[in-house]
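Could you have a look at this structure, given as structure tokens, before my questions?
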């Protein structure tokens, strides 16, 4: 068996993304792509537990928001360097993953799903009642100047989030092709049977949940710098969780490519719709696209891509 | 062979992903280069990012309607300095995370001349991008949105005042202070959103200034449906003044619950958004009688600025013409000052005759007073009104539960400030009617 | 090697097992029989660890494993099959066998070697032609063979077989029994839950009979088959 | 705290709980019994509310009565929805996950549709009991919640009778638990789910009427309901109709008790904690089936 070339491609992709803002200057492209990248990374993270392990997380915005608030608090209020704040955001979200995981990952999947929904309400409620986090008034973020060679904060944000996205994809690729991914897929199919085959189901679920939470928090940790003003309703918006879930499903769960495809396609459609259809119907178009994908490609677009490629190869 | 096919697919898909990204980038660049053209030959473009859908559409849609009425009025009169007005509006779906990208699209792709947003949250998210572009931004009702960034080309046209959260509510306490016998104690009830909390912060300042005593300080989440317990709890503290900072659905819930548990303070009301919506007024009918709330404009004879009645008529015509989609047919809250903001901008552009030079235009705006459908306005360096003209109104003479019971003068009586006073406050609050 | 002491279990007030005692020596063949609903599968699940007991203890190779999780028991050498086959439906047959190889025997570094080990096990149970098939393409017999292959992949010292012969022709059953005898000769202890009396009586060295969660008889096949309690349980009153 | 205050908050919490139960019943059936996670259910409730508003305005009906009038049309709407769902997913053997995407899409389409059809602003209807209380001793109970409690409890009782006493009802319960029993009854799963989805949707019409009776409505408010409705269903033990009532009451009372002891600002946090605790300690719900 040949050695996989995917790592090479990922490295190439990474360098392209990081270098792009130095040569190509169009701020709108970076602002719009930032959100698409955000959704790709979140979907990839979601897929780790939801796709491979079959445990649906409806609290993506909780992990995202905890990462965002932790990082904002650290660099905005405590005035510590941003470079510390970003991983701290991921770590706090990972901690949330540990807490939710310990209480509900021993149960059937649907309870985990509801627990993540409840966790979203809980962390949002805590922020709303904590003046140090801005409560409902919100936090005004002091934006740092970008270091060279980036001329603009958004270019730096794009490049770093691009890096995080590629690293998430790489991690997801690694999980999928390692014994961890095998174990997760085994427990997704049949948890009891997997246990009797030696699969440490709880440990694997916890691992996937914490890693997934960490990545979501990491993505969230950049958000204060993008939005400049944080308030709990948009940060913990249920819409983020819905979007991530839908994107992963449309792309195809349980493969590392699925969330990338879903996030890229649906994320781009959303961005495009909001500037081409300048009325409330932009949401309807996105929803119609969702319906269409769900009905025409219930197994995800990745399946269609594979079929197409297989038939061309023959 | 359990990984091989996956790899072929992944390779292909990565390639597709890269191509999509590059094509999108190239397309964006191409579009950028074709649309760009010297500003003098093109219409004046006003870029708007507003809530046409989502929870805040009830503010965004009336606001955008007023902006479009202004554009039509201006174009009918020949435009500004010979340029027609073109409105480019994007819906942010009440999703703040969409705002920076949309603002940037307006700036660097659509190449608009001016930016408009509505509401504090979305305006605050637009500010860094807007300030980097150096363009003038009108943040309709975006009070305090400049707090994080202090941008000199930000203008907020609602008549709130230089210290927004204090000025928004100080009138309520100022006139409470003038009543006799003077009420002593206050109960705060504030919704957990940016408006409610800013309102409560301003209220707390005012309480210190005018020497009241806070006996209850309650907050509640926007999802609250039943306010009976909350109102019973507030009632048990027996305050002279109820100071409620609330949003549309909950304003109604609070008024209903206060009546149900028979909570009768001497002064009932506060910074309540919601009663101003006609459909809600109609549903509550006489229950609103005696309640005091703020307004920026009401159809009272004492505050009849030139043009405002015409604007309201046009607005009602649009609202009614949209048939089933009718939004707030009387629309006194958002339209007048959305229109006024653009009217101010139009006057500045004409008088300054410095289109294209935003620094000069901003300096001009800071240095002058403008006469609009919202009255005379001038701005602090922070972009807020230099003085406060928040009106406090009391619902009086409500005949029943219908839209007509609230239309026209005499139902929303201005009781403060004295300059615009159109009637006397019924004090103490006579108790719940209907 | 295996010792079950005073194990009881009830589901929502219904007693499934009461005070069960069971011993198994290394390389012993034990038959576990009883009418439907007598608690045989529950007992297997308690030994495998997928169901916890309310009272009592289970020890294996001299160690108390009552609170040890099922995957650790699998690593210690307890393998099992399910009464209704439970394949991992998204994976091919060979991948189903690779899972225990990876997780019990730690063969997750070299794909190709792991796969050839898995192929060997599949050919041992006569399933090598179906290695790349998905479980839903298999017949009942093939599914049972796959279950057996998965259990064998973990190199168990104790094999818990839940009706592994059900639905098989007598020829096929003999084939499986021969395989099990070979395994037994290699030192694997076997507990077999079975309805096919002929098979279980000839295969087992010792028989334990459960009825309504109570052990009503224990002994050699001939002793048990003449025990009046057993006859009453099977034939009824 | 004064005893009266605690009593009042428990009493109104109870009433609100009945209202929550009425909102959640549809999801109890679809999620708990037919395994169709209809996340668009709250949007259908608001569709019911808007249609009830139109009916009430046209014929001067009470909003709750309008909601009841809509029960039958909504039953057929549910049938249609299931037929589509069945064709698009179940019959093709696709997972219920793809179905979830369908419901998310439907949720957004419904919201946009309602906004363009009925306007983005708040709508409300005048009702003579809108802000009137029923005074019993020291208690003043809001009539709008008394009526919605009565309607909610009535719906729970009727549904419980339907599920336990009728052939179709028993078949619906069997569809969730025991496919074998279902085939012994001679019922086809698809037919049973057709009825169940109709019943689920019919409750949305009633819930819409109640929401309209309780307060103003706007097209995007359904999102605010989602968390609470799921919480009630899980607290009650998904699939249990009586449990849904208890779950609603537990949520309503705990929110109100939190309001008087900690402040209403914490009420959502406390109910989330209760939900998480129930999930961790008693995952089959407060009322075990």
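Labels for the chains are A, B, C and D, by order of writing; each one numbers its residues from 1.
Here is the rule we use: a residue touches a chain if its C-beta (ideal position, glycine included) is under 8 Å from a C-beta of that chain, and two chains touch if they have at least 3 such contacts.
Quick caveat: nothing in here was measured; it's all calculated off a predicted structure.
Set side by side, A-B and A-D show the greater C-beta contact count at A-B.
When every chain is reduced to the mean of its CA atoms, the largest separation from chain B belongs to C. Once the centre of each chain is set as its mean CA position, chain A and chain D turn out to be 31 Å apart.
In this assembly, the C-alpha centroid of chain C lies 46 Å from the C-alpha centroid of chain D. Here the CA centre of chain B is 71 Å from the CA centre of chain C.
Chain C has residues 95, 111 in contact with two or more other chains. With touch defined as above, residues shared between interfaces to two or more other chains in chain D number as follows: 111-112, 115-116, 120, 223, 227, 265, 268. Each of the following residues of chain B touches two or more other chains: 3, 52-53, 57, 192, 219, 221. Interface residues of chain B, counted against chain D in their complex, comprise 52-55, 57-58, 60-62, 94, 192, 218-226, 228-230, 232-233, 236, 248-249, 252-253, 255-257, 259-262, 274, 277, 279-280, 282-285, 287, 322, 324-328, 401, 432, 434. By the touch criterion stated above, chain A contacts chain C in their complex at residues 1, 178-179, 182-183, 185-186, 188-190, 192-202, 254. In the complex of the two chains, the chain A residues touching chain B come out as 1, 4-6, 9-10, 13, 16, 20, 24, 26-29, 31-35, 125, 128-129, 135-138, 140-143, 152-154, 173, 177, 223, 226-229, 231, 233-234, 237, 239-240, 255-257, 260-261, 264, 268, 271, 274-275, 278-280, 282-283, 302, 305-306, 309-310, 313. The touching residues of chain D, when paired with chain B in their complex, are 2, 5, 8-9, 12-13, 15-16, 19, 111-112, 115-126, 130-133, 140-145, 214-216, 218-221, 223-224, 227-228, 252, 256, 259-260, 263-265, 267-268. On chain C, the positions that touch chain A within their shared complex are 48-50, 69-72, 74-75, 79-80, 82, 86-91, 95, 98-100, 102-104, 108, 111-112, 150, 153-154.
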